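So that you can tell them apart, the chains are marked A, B, C and D in the order they are listed, and the count of residues begins at 1 in each.
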Amino acid sequence: MRSSLAKRMTAEFVGTAFLLAAVVGSGIMGERLSGGNVAVALLANTIATGAALVALILAFGHISGAHLNPAVTLADAWQGGVGWSEVPPYLIAQVAGAFLGVAVAHLMFGEPVFAASHHARSGIAQAFSEFVATAGLLCVIWGCARHRSSAVAFAVGAYITAAYWFTASTSFANPAVTLARSATDTFAGIRPADAPAFVAAQLLGAFAATCLFRWLSPPVAQSRCRE
Amino acid sequence: MRSSLAKRMTAEFVGTAFLLAAVVGSGIMGERLSGGNVAVALLANTIATGAALVALILAFGHISGAHLNPAVTLADAWQGGVGWSEVPPYLIAQVAGAFLGVAVAHLMFGEPVFAASHHARSGIAQAFSEFVATAGLLCVIWGCARHRSSAVAFAVGAYITAAYWFTASTSFANPAVTLARSATDTFAGIRPADAPAFVAAQLLGAFAATCLFRWLSPPVAQSRCRE
Amino acid sequence: MRSSLAKRMTAEFVGTAFLLAAVVGSGIMGERLSGGNVAVALLANTIATGAALVALILAFGHISGAHLNPAVTLADAWQGGVGWSEVPPYLIAQVAGAFLGVAVAHLMFGEPVFAASHHARSGIAQAFSEFVATAGLLCVIWGCARHRSSAVAFAVGAYITAAYWFTASTSFANPAVTLARSATDTFAGIRPADAPAFVAAQLLGAFAATCLFRWLSPPVAQSRCRE
Amino acid sequence: MRSSLAKRMTAEFVGTAFLLAAVVGSGIMGERLSGGNVAVALLANTIATGAALVALILAFGHISGAHLNPAVTLADAWQGGVGWSEVPPYLIAQVAGAFLGVAVAHLMFGEPVFAASHHARSGIAQAFSEFVATAGLLCVIWGCARHRSSAVAFAVGAYITAAYWFTASTSFANPAVTLARSATDTFAGIRPADAPAFVAAQLLGAFAATCLFRWLSPPVAQSRCRE
C-alpha cells in the first residue's frame, strides 16, 4: 500500500536532511581531525556519505522511494513512477530538507547556521565530472530495477563511495545537495556562483542515463525498483 | 519460537559486552598506532564499531532482537515489542554487559580494569549531537521494519559508521554505551559528569524518532523487524 | 528473457567504461590528495574500485552478466555460458569501453586524453601476482554460481578490494583493464611493454581456476550465476 | 547434495591458502607503502582480510562450509556437523593450505619462501585477546545459524574486520593461521615460540562460545548454517 503524499514528502524531507547532515558534518569533522591531510579528510567524508546512503535508503525506501534527489525524482516521473503532480512536492521537500540538514550539521559543530561557501568548483572539467557522476548514478538506479529494493541501497551507497574519488568534482550528483552545499563555508561547500553549472550538468547526466536504460531495460521492469 | 527471558538477557549481555569491547578496544589500538593523527584513529574506531554492529546484530538478533541499547528497548516496549516487565531485565543486562566489555578491553590492552574518564564532552552542541544521532538511529531501526531482519544489521552498522563522523559527539547514541564509556580513561571515554546530558539527549532523540515513525509507518509492520 | 546482443554489448561497453573511470580517476585523485603517502592513495583507489564493482555488477549483471573482463568472458564461453560467436563482440565492447573510461577519467581531471604509461611493472613476481589474482577472481566467480546473482557483485567487489593489497601487482586481473591502463601516465598506469606478460598471466590464472571448479562444482550449477 | 571429501578438502586447502595470502600479502604491502604509519598499515591489512573472508566464504561455503579454521571444524564436529573422521583431513587441508598461502605471498613480494618470524606476541594479555577473539568468532558463526548461508560470510568478514582492532593481538582467532604466520618474518608474523599459547587460547575461546550457544540456540537450528 502506497503511503500518503504527506508521509512521502516527510520521508524525503527527513531523509535528505540526514543525508546533508552526513555530507557536511563528516566533512567538518574530517577536516578538523586530519591535520591538513586532504586525502584522509575525504576518505572519512566518503565513508560517512556512502554508509549514510545505505542506511537512509534502507530506512526510507519503502515509504517514498528514498529519492533524496531531484534528478532521480524527475527521471522517475518521466518513466511513469511518481506522478508529475507529485514532483513539485517531492522537490520542495528535498530542497528544504537539504538546507535543514546543513543547518543541523552547523549547529552540531558550532558553525553559523548558514554561510555562503567560498569553495571554487568551476570550469568545464568540473561540470563534465557532474555529468558523468549523475549519469552513473542513474545507470545504477535503473540497472537495479530488477533486484530487491535493498539492493538499490547498497548499489547507490557503493556507487557514491566510488564516485567521490573518481570524479574531479567529488560527485555531488544531486541538485538539492548542490544548492544546500552552497550554504556551508566548510569542507563540503561550493560557491553559489558555481552551483547552476553543477545542477545543469547533473540534469543532463540523469537524462542521458535514463535514455540509455529506456532502451537497455524494458520500462515494465523499471517501475518495480521504486518500491 | 521466542527465546526464554534468561536466554534473551544473556544475548543482550554478551552482545553489549562485545560491542563495548569493540568500541573501547579499537579506540585504544587506534590511538596507540596512529602516531597522533586523530582522523586515522577515529577511522579505525569507526570501521571496527560499524563492522562489530553488523556481526553482532546478525548473530544475536534472532535471540533477543539485539537491541544492545536501552533507548531501543524502551522505544520497542512503547511500540508493543518487548513487554514492559521485560524492560528492567533487558536494561540491566545491557548495562552490565557494557561494563564487562570495557573491562575486557582494558584487560586485553593492559589498562586498569576501570578508570574514570577525563575526556570532556560537554555543552549544548554535544547534547544536540546526541539528540540527532539517536533520532537518526531510531529512524533507521523503525524504517527497516518491513525488511528482512538482516537488513537491520547492515543499516545500523552503516548508520553508526556515518554518525561517528557527522555528529560532533561521535555518536554514542546509546545510554548503556555512554555509562560504560565513562569508566574508561582512553580514546573512547567520556567524563562521568558529562554522561547524564548525553543520556537525556539520547532518550529525547529516540522518543522523537519513534513519534515520527508511529505516523510514517503503520505499527503492524513495525513489530516485524524485532524478530 | 535474455537481452539482445546489441544491448549486452552496450552494457559491457558502458560498464567497463565506468570501471576504468573509477580505477584511473580514483588513482589520480588519491595521488593528488595524499601528499606522497602511497598507502593512503592506494586505500582510496582500493575502496573506489571495490565499491564501483559492487555497483556496476548489480546494475549491469542482469543485462550482460557484467563480465567487464575478457578473461571472464572466455572462461564463461568455455563453460557453455555465452556462445563462442558472441565472444568477439563482448571482447571488443570491453576493450573499447575500457579505453573510453580512461579518456573520461583524463578529461575529468584535466589530463591528456591518452598518454603512454611509464609505470614499470615487470618481472616474474609481478606476472605471478597476476596469475594468482586472476585465479582467485575466477574461483570467486565460479564459487558463487549457486548464490543469488547479487552475491556475485559483493563477492567480486570484496575480492578485488583484498587483492589490490595482497598481490604485488595490485591485481589488475583483467586484460581489458590492463590494455587501457597502459594508456594512462598516472597512478594506475602500466608501461605498454609490461602489458603482454600481465595479460598472459591473467589468462593462465583464469584457465587454472576454471579447471579447478569444473571438478569442484558441477557445470549445471555454474551456468546459473551468469544470469 | 554434499560434495565428496576430496572436493571439500580441496576447497578448504585452496580457501585457506587464499586467506593466508591475503593476510600476509596485505601486511607486506601495507607496511611497505605506509611509510612507518602502523595504523595505516593495519587498516590496509584489516580491509584486505575482512574483504577476503567475505569473498572466500561466499565462494567456498557451499562446497566445504568454508571453515578455513581448525577451531571452527572442531566445534562443528562436536555439534554434529562434519563427522569426527573427517576432522583430520579438514585440519590437514587447512594447515597445508595456510602454509601454501604464506609461500605464495612471499613469492609475489620477493621474500624467501618461508622465514621464522621474530615478531614477539607473548604474555597473558595477548593470550586473553585470542580467547576473546575466537570466542567472539564462534558466537558470530553459531549465531548466524538461522540466517541464509551468505549472512555468515558478511558476519565473519565484519567480525574479523572489527577484531583486528579491538583485540590487543589483532585477532588471529585461527590455529592454522597462527601456525602459518609463524613462518613469515613480515608484518603479520608471530614468533614460533608464541604460537602454542595462541592456539591454546583460541581452542578455549571456541569451546566457551560453543558451550554458550548450545544453550542459547537449539542444536537443530545450528546445523543449518553449515551448508
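For this structure, a couple of remarks:
We adopt the following convention: a contact is a pair of C-beta atoms (placed from the backbone, for glycine too) under 8 Å apart; a residue touches a chain by one contact, two chains touch by 3 or more.
All figures in this text were calculated on a predicted structure; none of them were measured in a lab.
In terms of the stated touch criterion, chain A and chain C have no partners in common. The rotation relating chain B to chain D, fitted on Cα atoms, amounts to 90°, rounded to the nearest 5. Chain centres were defined as the mean of their Cα atoms; on that basis the chain farthest from chain B turns out to be C. Residues touching across the chain C-chain D interface largely differ between the two copies, under half of the numbers being common to both. If each chain is reduced to the centroid of its CA atoms, chain C and chain D end up 27 Å from each other.
Averaged Cα coordinates give chain B a centre that lies 39 Å from the centre of chain C. Counting partner chains per residue, chain D has residues 37, 40, 43, 47, 154 touching two or more of them. A list of each chain pair in contact follows: A-B, A-C, B-D, C-D.
Note for the complex: chain A touches chain B at residues 3, 7, 10-11, 14, 18, 21-26, 29-30, 33-35, 37, 40-41, 43-45, 47-49, 51-52, 54-56, 58-60, 62-63, 104-105, 107-110, 150, 154, 157. Across the interface of their complex, chain D is touched by residues 37-40, 42-43, 46-47, 50, 125, 128-129, 132, 136, 139-140, 142-144, 146-148, 151, 154-156, 158-159, 161-169, 212, 215-217 of chain C.
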